[in-house]
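Take a look at this one; I'll ask things after.
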């Protein structure tokens, strides 16, 4: 299979801009035209991105690479490329976007134009984040994503607390990423000091091996940004608010893609740049992840608001992802990566479904529903499938991810695996209970009696998701095989590292922090 | 001849008086005069230094400063008059609309 | 002793200054004719032409090898040219956004532009001068102009009050500055920065105490102009009271000029202090950032908010001063340029809104603005993002450059405080965006529905600048860094 | 044998067809499609069996691998099927019984609005069950394992408008999940020990890598056993099964009697090698099994709901199977599994046809004297009852007796005793049920009484077939004559590893007389039970009441099933829920989020203080500046 010899990644990244321009020139009134434009833009973008998958060679090195000098005086270049880790995430993004547009068809009523522009802009930044191989570029896309998402929540969110949610989301993320900026700069100048070359190029920075104390701090600096984004346990409170207030599409894209930026960041930067620190922090991160899994599940049990519940379930699921990533072995990492995709699909679908009943009933309170399975058989079926996928039923995608993660975790430390497995029980509990309260029993509220079942549009935008949910469940190798080489490369790094020494170094650092300078 | 330090001391004292005037007098005119005082104390030390160092630059600078001072007074008085028009008073602490 | 020919030669380098002054005088003389007095069309017209000419004249000076003028009073080098350009851009935009903003306040409209030109001339003089007494003179020239400009709306109490405060404190600070000069003179026997640098480096100072004394007082004097905490107290009041375009002008121009002097004095003439006083400067920077941001959080008046934000920005810039190094100073120049664009842009929108709703700079008057005027709302959003330091705007690159210079010099903690500050700052900028994009239930009464074309042009210029410097910063950045090598 | 995938595929096909297009078909068509799907599976099963029999006994293990399912580093899981005698037995039992039940359900569910849905689920269930028994590795087995769990969840909650039903469904799934947790952990242990999950590889490596009683294997097997207790409703996880009776009766017959609930036993048999390596686990299994047998039986004594009685009896019967595996008599366990599938399915179907006749009535106190009105049902029910009570020559007798026999000669005398007691109780409560329902004077309310009717052939046929099976089903494994132990001989190759390791060569060293004596004993016990029942419910029906009043405490205790459900509610469910309430209120809202918002609030407060410094008095500003200047001076000079 020959290399594609045109800048496909840039094309994918910036293609939505075309849509933005077209939409900008349309009359404010004809919203359908705008929606169609947006839809086709995103769909075509997805189609364009498919070759990535087929031309992707199963090797560890970056592919479809483009490199153009941008700010040479700082050694900043426009450098993009993907490997097994980012490939699927890029595809996931391009795949979810048309679905989101289709979903907002009846959801977004006012200011459609601005909405679509915001959204397409968001897509640009998201794809950019996954493609960027230059730290500066990465950071730019990373921050770029803030404003449109902020506006999505602020302008089209649920009136109640959207200001609070939007600002919380923005400031929280920004505070984190600022730390990352510092980290990037330190790394940059350290590299300059050692190699004498001023560059933000990730591939070059990967080559240098940092002294442990530097790794230690940089890990924290990057880690805080990503941990907030994921979100890991203590930093998760922005998520429920953001999810609850955001419009359906916002939630979908937030859960589907934005959260993955955090986990992706961990894999791409922390793991590859600071291996010793990663080993040193492995335990801490894993424990936080496990707390996230169980804690998130507990939170789900007591939520009254569907979206909030799903939001907390994301906390739990991403706990799994983080656990897998920091198992630092083949199974864990592949599980983590595949689970990112799974979570994107299933939670995305869940938010879509919730959005659909929200459109019909204008409430998300579980208490308001009950017995919906009778008036909405189709909805019930799809909802059930997605629910099952998110509680990790074998044969559906969720299971593959969770199983691999737990195996990996178990091999890293047996009790990681065992504790994580309890999450599986809890997941069944809260999800099925939620499903029961919404779907089963007699129809109590009369508003629920005469609500319409899904229309073809809604079904047709859920079906693709479900297709992939099943596909990954039945034949995950299609995707695992793509990411395997890249993961292997990372894992090899870790087989060399001597845990003992790392711990010793860590202890010294702690001494230094305590002020016992030697 | 008088040692430099005396002159500097004198100018310092003048400067301080000026500062105190600025800080504690209420009448803007007086405040303004105190500022002039500060400028003149600077002039004094210029002259003193130029005498001491034996180059004339210092003395030349003094002329610059005088001109500036004059210009400042011109503007200053204009503004003070305008203040009087608006506030019916030239007491510095009457101008207290803008705060926090 | 040099010949008249020499003077003529020199005055080529002096061209921008001369052009501004001359056009100022033209306005003055021309506006004697009463027919021209009412609408500012005449004054602004001349002013715009003058500024453009001045810019054009830079084209000749650029690439001219650097040389001192008027026996070492002034200097033509890339540094001064860069800042001159910055100041001229500022002037131009200010003039543009002043159209029909000032006229309503019954100001002496032509004199307004004249003074504006004179002040700009003063600033240019300041960035060009390499002799401290010239610095003092330039300082006074533009200060005097601005004292009047601040109070130019005579009938308005606030404006008068603002000008009074600025006058008193400004003169006060100037006195400190001058007094400082005397001691530097006493220590070195000259006020020529190049000579001073030489003398100090060779250690031929008569008394180091004098030098320290002088330098400290000079520091205070300049600190006042760039509004470092605790010399910032005047800023919010004056900014709030002054006519909005002038606020913008002060925030941008004065800062540029003052930082130029700071770099010339402490960067090149007396670099040793930059090292000896490191801790002090460090503290000043932190104080300035933090106080500025914290105070801004609760402001309802947008002008006052931007005033505090400008203090905070001074703090960010000062981080680079702490870092020292050519790279840092280059970053400062770049920052100043970007700041000019984004800040003027923001103020331009404020002016626009004021024209729209009468003199209201309260944040609430922005309610739903983003929906009523989508395009200008978007501009505002961009400017605010830039002030926040978000990519892909100039603000980000500038902040990036400044902080990176500090990290390069090893001030990691300073930078961490800086970035945390900018996270805090994000809150109040966001507040504005939030207000802009929340629907207003009550329909706001609009005084003049159409904004002026000039205002529009002003906004376009600043928008273009902000984005251009954010997306393709490369060339300008290099120029800035090169410019610093005096 | 590449074609074996068809066995799983046909039911799945049925699932797909009905699932997608069922809505548009007539009911008969749906039922036919569903039944045919299973039928075809059964036929394929038979065909496979003959293929298998062609091979010499000890090479009757065929593994068919289709594709690489999951691959990540060392973990590589090819999806495929493992065909050996054990599998075949299960396949035939499952497909056979479910075929009959499909026919039965075709009529039974006639009036139900969710007709299509029912058959969709049922087909899915069968395909999943077949996956479970044919899987060639733990993970694929787990797929089936959870798959059947899902179907049972869906079918228990089939009448989802009844809260009790949907609750029961949820309960079943979650309790099973607890078991699956064990299964998962077991798999992790096995994987990290063997770096594979493939049955054959694991079972081949195990004896070489580990000695008998090694910790790893013990732990692994215990975890797996936890899974088994979940699926097969053993102590402590049996609680879901009685509630599962909320589902339609055919479901109870198929899933909660014949097939799914025995999955745990199958799994243990499948892992016989591992269990043989872990005597401790075997001990645990045996004990649990015996205890469950008695415990559940005791609860069955006083239940009045027909299906609930059967449910408890199921639990107790599975207890016997587990006991069988526990004492290392895996073949016996499987044997009982098979016979139990026949007669228990039959019992449920009988109960079904009774309730069908009585317009859904299942409370035995409202029955009586049905034997005249429902002859077929009565006869078949009787044969099943005899079978389960262990009356020679009915199927149940041979299988149960073999288990007890093995238990005895394995020197587990206490367990044996428990088994005997269980047998006694079983005979008693089954005949209690039988007598009350079919004899004595009718207590059916006349309204219903009018149109009691025998069901049509579609329901009758399965009854008869199963009736016959529960008579003759046991004859393929006769005592005494070792050459007539057909089933045992057939299964031997599967278990001989286990036997070698366990060092148990059964039935040889003990004399005929012992075997005979034990048989006699259990027979006597069974008869005794029947007599008591007869005495209580036919001769003098007041006796039970008086006894109940006499031992009122015991009675209520039994009647309320030892309050186990309430206990679980109190010590597990409630606390966890309250814990999460507490967490969300205290930790989430008032610690973490409060910290986040607090930072913001702090800033704002600071600002409200700091801005006050700008008093607006110009001279104050001057003062601040001056002080600043002085400070700068002092700092710099000194």
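Here the chain labels run A, B, C and D in written order, and each chain numbers its own residues starting at 1.
The definition used in the following text is that a residue touches a chain if its C-beta (ideal position, glycine included) is under 8 Å from a C-beta of that chain, and two chains touch if they have at least 3 such contacts.
Quantities reported herein were computed from a predicted structural model and do not represent experimental measurements.
> What is the identifier of the chain with the smallest separation between its Cα mean and the overall Cα mean?
The chain sitting closest to the overall C-alpha centre is A.
> Give the chain pair, either B-D or A-C, that is connected by more C-beta contacts.
More C-beta contacts join the chains of A-C.
> Based only on mean CA positions, could you tell me how far chain A sits from chain C in angstrom?
43
> Would you mind pulling out the distance in Å between where the CA atoms of chain A average out and where those of chain B do?
65
> Report the inter-centroid distance (CA atoms only) between chain B and chain D in whole Å.
99
> Could you state the distance in Å from the CA-based centre of chain A to that of chain D?
About 38 Å separates the centre of chain A from that of chain D.
> For chain B, which residues are shared contacts with two or more other chains?
Where chain B meets two or more other chains at a single residue, that happens at 22, 31, 92, 95-99.
> Quick check on chain A: which residues sit in contact with 2+ other chains?
171
> Which chain C residues sit where two or more other chains touch them?
164-165, 168, 172, 176, 236-237, 427
> Would you please name all pairs of chains that touch?
Those chain pairs which touch are A-C, A-D, B-C, B-D, C-D.
> Where on chain B is chain D touching in the complex?
19, 22-24, 26, 31, 92-93, 95-100
> Sort out for me which residues of chain C touch chain D in the complex.
164-165, 168-169, 172-173, 176, 209, 212-213, 215-217, 219-220, 223-224, 230-231, 233-234, 236-237, 273, 276-277, 280, 291, 294-299, 424, 427
> Spell out the part of chain C that touches chain A in their complex, as residue ranges.
Of all residues in chain C, those touching chain A are 371, 374, 381, 385, 390-392, 396, 400, 403-404, 407-408, 412, 415-416, 419-420, 422-423, 426-427, 430-431, 433-434, 437-438, 473-474, 477-478, 481.
> Spell out the part of chain B that touches chain C in their complex, as residue ranges.
These residues of chain B touch chain C: 8, 11, 15, 18, 22, 28, 31-32, 35, 38-39, 41-42, 45-46, 49-50, 52-53, 55, 57-58, 61, 64-65, 68, 71-72, 75-76, 78-80, 82-83, 85-87, 92, 95-99.
> So in the complex, which bits of chain A are touching chain D?
Interface residues on the chain A side: 168, 171-172, 234, 236-238, 295, 298-299, 301-303, 329-331, 334-335, 371, 373-374, 388, 393-395, 399-400, 403-404, 406-407, 410-411, 414, 417-418, 421-422, 424-425, 428-429, 432-433, 436, 439-442, 475-477, 480-481, 484, 487-488, 491.
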